[in-house]
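Labels run A, B, C and D following the written order; every chain starts at residue 1.
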């Protein structure tokens, strides 16, 4: 399984901080985003946002990054710390 | 009279921290420097150093600055604080 | 040393730990505090969320990058999470070096990249409710300018 | 606030005085310490001379210049004079501002110009005797670079 985490605005608007999804063959971060966008309008809006960031195994990456079972994938908005 | 101060290396090498000199008409910082350089070899060497700085009334200035009775003139090497 | 914590930090204690080595001629510290970002909205605090695990990795990586660019001795990065009220301390960056230019540059580099790379998110608590802060373009510019500065 | 003094200063106390205003999001401090400048020579301290009266005028003027360039709230400049041993604190510059870029820039501006404009002179006390330090070309360059930076 792939553990998918959500932070900040996403976590609040999706009313969840994590879900598990089943890996498919040759899966990428973009596949996960698209799969989640199909859930409903709220998910679609958040997953298609231009500003959406994705990390795999706690490292920011792009939408072509491959994902395998056991990976930790996180979606979040631009960071605002400091 | 004009009060002339010396600091740091100058003060040590001249063995004095201040002297008084009599003003002349149309006196400049350069006149004072030249007058002091005539005292002896030690004074000449220090007063003719390229790096010598001069302040009139506690403000760094150049060698054409006019000086009148009551002014405080200071000679010192480049500063090294901080 | 990197700390992500709920508790407040003591600048006095952090300085004491930073200032012990005689080879260091320069110590630069930055402290960020909760201030009223949107004047008039009545901000009374912030709620700070982060991505545990990733935050520490990103900050360690930034410290390593700073050490590659400048001769640094001690580096301390502390960032608080949770609810903070107006005026409270959020972040501490302390850097020591034999050279002041290195200490200034590294300290500013670390806070610039912390702001654009470390997974923290601020929610402003105002009298009119809570509101997630948007990222600032000026922060992106600040970190982008480093690649230019460092290749000069 | 400008202080030229023999006595040591407390960074903890100075920070306490700097950090009281909620409009300040950023506090940047620089501390300069006595270090072994000429490695191998056995430096055990410094003797710091200054030009009383002029020093304070120059530092006040630098503070005023910094306030013209950046939106600053509090500014503290402390410089010690007299005999200092290895590892002792020499100088403290603390600046607060709503904006971190302003606080960093002003703090670095103040120490850069203090080093090239304020009438302090350091004599290094080594095991082989005392020696007046020469001004460093790199310090002149640092302060000269500001005119370029500030007109950009």
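The working rule: a residue touches a chain if its C-beta (ideal position, glycine included) is under 8 Å from a C-beta of that chain, and two chains touch if they have at least 3 such contacts.
It should be emphasised that the depicted structure is a prediction, and the values quoted were computed from it without experimental measurement.
Enquirer: Provide the labels of all chains in contact with subunit A and in contact with subunit C.
Expert: Chains touching both subunit A and subunit C: none.
Enquirer: From the centre of subunit D, which chain's CA centre is farthest?
Expert: A
Enquirer: For subunit A and subunit B, let me know how many angstrom lie between their CA-based centres, rounded off.
Expert: Distance between chain centres, rounded to whole Å: 73 Å.
Enquirer: Between subunit C and subunit D, what's the gap in Å when you average each chain's C-alpha atoms?
Expert: 23
Enquirer: Mind checking the centre-to-centre distance between subunit B and subunit C? Centres are C-alpha means, answer in whole Å.
Expert: Each chain's C-alpha centroid was found; their separation is 48 Å.
Enquirer: Measure off the straight-line distance from the CA centroid of subunit B to the CA centroid of subunit D, and report it in whole Å.
Expert: Comparing mean C-alpha positions, subunit D is 26 Å from subunit B.
Enquirer: Specify, in ascending order, the residues of subunit C that touch 2 or more different other chains.
Expert: Where subunit C meets two or more other chains at a single residue, that happens at 32, 111.
Enquirer: Output every touching chain pair, sorted by label.
Expert: Between chains, contact exists in these pairs: A-C, B-D, C-D.
Enquirer: Taking the complex as given, what residues does subunit C use to touch subunit D?
Expert: 11-12, 15, 19, 22-37, 86-87, 89, 98, 100-101, 103-104, 107-108, 111, 142
Enquirer: Would you pull the subunit B residues touching subunit D in the complex into a rising list?
Expert: Touching subunit D: residues 5, 7-9, 11-12, 51, 55, 58-60, 74, 76-82 of subunit B.
Enquirer: Could you please specify the touching residues of subunit D with respect to subunit B in the complex?
Expert: Against subunit B, subunit D makes touches at 32, 48-51, 53-54, 57, 79, 90-91, 111, 114-123, 132-136, 139.
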